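Which chain is which? They are A, B, C and D, in the order written, and residues in each are numbered from 1.
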Amino acid sequence: MHIGLIGLGKMGGNMRTRMRNAGLTVVGYDRNPDLSDVDSLEALVEALPAPKVVWVMVPAGDPTRSTIAALKELLGEGDVVVDGGNSKYTDDAVNAASLAEKGIGFVDCGVSGGVWGLENGYALMYGGPADQAEKVMPAFEALKPGDSPDGIVHCGSTPGAGHFAKMVHNGIEYAMMQAYAEGWELLEKVDIVENVPDVFASWRTGTVVRSWLLDLLVEQLREDEHLDELRGYAEDSGEGRWTVEAAIENAVPMPAIAASLFARFVSRQDDDVAMKAVAAMRRGFGGHAVTRKDVPPTVSPPPPTDG
Amino acid sequence: MHIGLIGLGKMGGNMRTRMRNAGLTVVGYDRNPDLSDVDSLEALVEALPAPKVVWVMVPAGDPTRSTIAALKELLGEGDVVVDGGNSKYTDDAVNAASLAEKGIGFVDCGVSGGVWGLENGYALMYGGPADQAEKVMPAFEALKPGDSPDGIVHCGSTPGAGHFAKMVHNGIEYAMMQAYAEGWELLEKVDIVENVPDVFASWRTGTVVRSWLLDLLVEQLREDEHLDELRGYAEDSGEGRWTVEAAIENAVPMPAIAASLFARFVSRQDDDVAMKAVAAMRRGFGGHAVTRKDVPPTVSPPPPTDG
Amino acid sequence: MHIGLIGLGKMGGNMRTRMRNAGLTVVGYDRNPDLSDVDSLEALVEALPAPKVVWVMVPAGDPTRSTIAALKELLGEGDVVVDGGNSKYTDDAVNAASLAEKGIGFVDCGVSGGVWGLENGYALMYGGPADQAEKVMPAFEALKPGDSPDGIVHCGSTPGAGHFAKMVHNGIEYAMMQAYAEGWELLEKVDIVENVPDVFASWRTGTVVRSWLLDLLVEQLREDEHLDELRGYAEDSGEGRWTVEAAIENAVPMPAIAASLFARFVSRQDDDVAMKAVAAMRRGFGGHAVTRKDVPPTVSPPPPTDG
Amino acid sequence: MHIGLIGLGKMGGNMRTRMRNAGLTVVGYDRNPDLSDVDSLEALVEALPAPKVVWVMVPAGDPTRSTIAALKELLGEGDVVVDGGNSKYTDDAVNAASLAEKGIGFVDCGVSGGVWGLENGYALMYGGPADQAEKVMPAFEALKPGDSPDGIVHCGSTPGAGHFAKMVHNGIEYAMMQAYAEGWELLEKVDIVENVPDVFASWRTGTVVRSWLLDLLVEQLREDEHLDELRGYAEDSGEGRWTVEAAIENAVPMPAIAASLFARFVSRQDDDVAMKAVAAMRRGFGGHAVTRKDVPPTVSPPPPTDG
C-alpha cells in the first residue's frame, strides 16, 4: 500500500517508521524539511497512486483544519483523508462534509500509545463509513498492536466517532492519573509507610490497581524516589476539557474526571487565584491572618471561631 | 450576673466588652497579663459567686482540654463550664463526663460573628442539658444579636450538639466562600465583563446570591480591585475538616464542601505535590513536556495524542 | 416611556406589572391571548413610538432567536431590542450583529429575582453599548430594586456581558444551594442535633452564612420540617452548565460549582448509571454483592478486602 | 510450616487452599462448623507448634478486635498474630501493644486479589517489625503471586503500615473504577459511538488506560452489553472512607477519590436527600417546578431566570 503522511513529529515520525517496517510505502511531509520526504503537499499527493490515502497527523484545531482544506484542493473523487490527530469530534463532521463536496472520503482516528507505539503498536479508534475505512485498513493493520485482536475498533459510522472514543479514553486517563497521584501524595506525606516506591512497585502484580500507568509511575519513582526533580505542573491537551464539556451537554455527572482536570488547571497557577477571594472574605470577617503577597505565610494565629 | 471568662484574645476580649456593656460582671483571665483581670485561674474562680459560671474561650484541642481539666479541680457541685471555643464535638462528651464526676455542669457553645460580634452580637449555637444552659442564659442574652429572635439556638441536650451545629455552619461557609471565589476567578479571567467589583456590588440587592459574605467580598474588592495585595492562600480552622469527616462517617455525600476544603489545602502547597506524580506519568508515556524544577514552564510542545 | 414586552409568563407578567406601577406604558405580547395586550408582534411594534424599545422575555434558545429574527423584520434604525431572558452569552454577539445590519440596537440583560421581583424589584445585569442601554434606562429604573444603589450594573460594552455576569451569578447560586443542602443532609442524618429547622433559623442573624437563600430555606423547613413532601430532584436551567463550560474554556478551576451541577444531574437519574459500571467491576473482582435490578439491596456481605 | 487461619469465608477459604497447595500445614477455624477444621480457637492454637503463627482473616472492627483479644489469652511469648483483614490502620497499634504485653508479636497485612487470588496469588502489603514478619514468611511466600518479584512489600516497621498501604490502594481503586464508570456513562449516553463494549475491549491493548479493572469491565460488558441486569448501587468497604479521612488529617487534597466515594454514597439513597433542600430553595425563589414526592417529574416548565 501507498500512503501519504502529513506531520512527522514525535507521533507521526514513529508512525512512518512502523508502517514502513510493515512493508507499506509511505510518503511523508512535514513543514520541517529535515523530516520531510517531499517538498510540498502537492508533491506528496502527486506521489500517491489512486485512490490516494492521506493520513493527517498535525496538531488539532487550525493546523488540522487548514491541512484538510489544502488537501481538498489537491485530492479528488474516491480518495480518502484520515485525521489521526487529536481533533475535537465536532470538527470531524465539518471536515467530512467539506471533503464530501468533492467526493473525497474522510475517516477520523484517535491514536493512543505515545512514544511506546513505535515498538508496541498504536491503539486505534476510528470512525466514519466502513467503505472509507476499508481503504485505510492496511495502514491500520500496520499501526495497531500486532499481538492482539484488541487495539483497534470501529467506533461508529458517523464522522467523529473515533475521536469521541479517544477523547473519552483521555478523560478516563486523567482521572486514573489523578487517582495514583492522590494516593502517592498521601503515602509521601505520612511517616508510617517507609518506602513508597516499593509499595507502588508491589502493586504491579496481583492487585486491583495494576495497570500500565502504574508501571510507568513505578519506573519514574525508581529514578527519582520523591520526584524531587519534577515540578508539580501538568498541561492538558484538550480531550479532558472536551470530555467534561460533552458530559455537561449530555447531563452526565462526571465528578472524578472534572476534579482531575481542575487539579491540572490549579497546578499551572503561580498564585491560587480563587483563594485570593477566599482570603479576602476571611480578612473581612476578621481574626484571620491574611498574607500580603510580599510576606511569606509563617505562623498562623490561633484558630478563630469562623472558618 | 457574674461570669468568669478565660481567653481574652480577639474573640474573648470583645465578648468581655459586650457582656460588660450589657451589665454583666465579667472576670477575665488570660495568660497574657496585659489582657487579664486576675493573676490566675484560681483567682478567677475565687472571684465568682456560686453557682460559678466559667466561659472558656481558648483554642480548641489541648489548650481547651487542659483548661477544663484545671477548672475541674477548682470548681464544684452546681457550677457550670461553657466551652465557647472551636472544640471538636467529640471532645465535648469527654469533657462533660469528666466534669460530671464532680457534679460540674457543662455546656458547649459554637460562637459565630468574628470581629463584627462586638457591635452586632454573636450567633450562639449551644448544646447540653437545658438546666445547665439556663444558668448561662444571662451571658447568652448579652452576647447574642439584640435585634432578632434568631442568632441563638439550643441544638440538643447531648454535649457537643452546639459545636456540631457550629461545625456544619463553618463547612457550609467554606463552600459558600468557594462559590464566590470560583465565580470571581472566572469573571476576572474573561474580558467580556469589564468591571468585576461593580458586578459583585450590584448583586447585593435583589439577587439570589445576596449574603453577608458577598457584602464582605465587595468591601474587599472596593479596596483592592483585583486583590493584587493578597496571596491566594487560605488556612482552615478544623471545622471544615471535621464536617467532611462527619459526613464520611455518616455516608453523607458532601462534594461541594469537600472540594472547598481541598482547594484550601492545595493553596498552601509551594509546589503541587500530586501533580508531580501526574507529570511523572506524562513523562512516562512520552511526548509531554515535563518541567524540571529549575526550569520555568514556558512554551508547551504541540499537543500529543495522549493527555 | 413606551416599551414593548414579549413574553408574559411568570417573569414577564410580573415585570409588566412593575413597570406599569412605575408609570411606564407597556404593550405586552404573549402567544397566549389571555395574557397578551395585542394580537401579534406586528401590533406590538406598531403601538410603540420611535425609537421603539422592545424587551424580549421568552425562553432562551430557539424561542428567543426566532423572536429576535422576527423583530429584525419589524424594527428599524435607532430602535433597540433587549434580551432579558436566560440566553447564553454567545448568542448575544450573533443577535447583536444581525440586528445591527438594520441599524437596530441590542442590549442583553440578565434578570434575577424570581417571583419576589414584582414587589422587591429585579436585579439587572446588562451589557452592550452605553448609548443603546441609555434608551432602555427608564425600564431599568422601573424594574430595579428601588431602595438601593445596587441591583443594577452595566457589565461591559460587548454584547453578552450582562448574560455572562448573570450566568456566573447562577453558577455561584448552584454551589451556595449545594452548600446548604449538604449541611442540611448531615444535620438531618445525625441524632445529636435535635431540631434542624431551629438551627437553620438561628443562622439568619449574626452568622457568616446568613443570606437570602438561607431565609428561603428556613421558610420551607418551617412548613415541612424534614422536607418529606419533596422529591430530591432538581432541574438545571442552563446557566450552571454554561458557567462550568466557560470555566473549562478559560482553564479556571471550578470544583464546587461543577460538583453542584453534577449533583443535580445525578438527582434526575432513576438508577445511578455510572454506578452500574462500578458494580460490574466489583462483581468482576469478586466477593462483592452485586444487586440484580429486581432484587432490593438488603443485607451486605462481610466486607471483602478489595473495595 | 504450620499456620493457624481464622475466618474461612470467601477470602480465607481460598487462602487456606492456596497455602495447602504450597505445602503448608494449615489449621483453619471458622464459626461455621461446615468450613472449620477444628471446633474452637483453643483447638486451633493447641494444634500449632511453637512459635505459633495465627492468621486472622475476619471482618474488620469488632470481629477482628475480639478475635485478637481471645488469641491474646491463648498465645504466649514468641508467637505471632497476623491481621490479614481490612482493619483500619489505627487499630493495629492498639492490637500490637495489647499483644506485646504478653510478648506476642503482631504483623498487619493488607491482602488484595479477591476471588482471583486462589489461582493468581494475593498481593500482600505488610507492616510491623521485620523479625516478626520473618516468622510469617513461608505463608507470605505461599500466598503471593508466584511469578513476579512484585506482589509483596514490607511497608514499614510500624504496626499499621501494611493496612495503611492497602487502604490507599483501595482509595486509588475507587477513583479508577469511577473513572471508567464516568467514561462508560458518557459513551452509553451519546449516539455517535455505536458499540461501547467493543470500544472498551479495544482499549485493553496499546492504550494508556489499559489495566486489570478494564479487563474485568470488558468481561462484564460482554455478558450484559448495557449492564441492564445491574442496579446502579455500590457499597463501600471502609478503606475508601479511611483514605479520605487520612488525607484530610494530613491536609492532602484528594478530590477525585473523595468524589468517587461520594458517588457511592449517593447511589445508595432511595431519594437524593441533599437535593430535597435544593428543591426547597428553588421552590422558595419561585418559578421552579418542584416535584411532590407522589408525582413523577414529567414536563419541566420553561427555564426561569434563576437556577
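Convention: a contact is a pair of C-beta atoms (placed from the backbone, for glycine too) under 8 Å apart; a residue touches a chain by one contact, two chains touch by 3 or more.
Values in this document were obtained by computation on a predicted structure and should not be read as measured data.
Chemist: In terms of touching chains, how many steps apart are chain A and chain D, taking the shortest path?
Modeler: Tracing touching chains, the least step count from chain A to chain D comes to 1.
Chemist: Could you tell me which chain lies farthest from chain B when each chain's centre is the average position of its Cα atoms?
Modeler: So the farthest one, by centre of C-alpha atoms, is A.
Chemist: Specify, for the interface formed by the sequence copies chain B and chain C, whether it is same or different in terms of residue numbers shared by both sides, with half as the dividing line.
Modeler: Same, since over half the interface numbering is common to both chains.
Chemist: CA centre of chain A versus CA centre of chain B: separation in Å?
Modeler: Comparing mean C-alpha positions, chain B is 42 Å from chain A.
Chemist: With centres defined as the mean C-alpha position, give me the chain B-chain C separation in Å.
Modeler: Centre-to-centre distance between chain B and chain C: 31 Å.
Chemist: So the centre of each chain is just the mean of its C-alpha atoms; given that, what is the distance between chain B and chain D in Å?
Modeler: The computed centroid separation for chain B versus chain D comes out at 35 Å.
Chemist: Going through chain A residue by residue, note those that touch at least 2 other chains and give them in order.
Modeler: Residues 112-114, 170, 173-174, 178, 180, 182, 185, 189, 208, 213, 251-255, 259, 262-263, 266, 268, 273-274, 285, 306-307 of chain A each touch two or more of the other chains.
Chemist: Help me check something: in the complex, which residues belonging to chain B touch chain C?
Modeler: 89, 112-114, 117, 120-125, 127, 144-145, 147-148, 150-158, 160-161, 164-165, 168-176, 178-180, 182-183, 185-187, 189-195, 198-199, 201-214, 243, 246-247, 250-257, 259-260, 262-263
Chemist: What residues on chain C touch chain D, complex-wise?
Modeler: Residues of chain C touching chain D: 9-11, 58-60, 85-86, 110-116, 166, 170, 173-174, 177-178, 180-182, 184-185, 188-189, 213, 216-217, 219-221, 224, 227-240, 255, 259, 263-264, 266-269, 271-293, 297, 300-307.
Chemist: Which of the residues in chain A end up touching chain C in this complex?
Modeler: 208, 241, 244-245, 248-249, 251-255, 258-259, 261-263, 265-266, 268, 273-274, 285, 306-307
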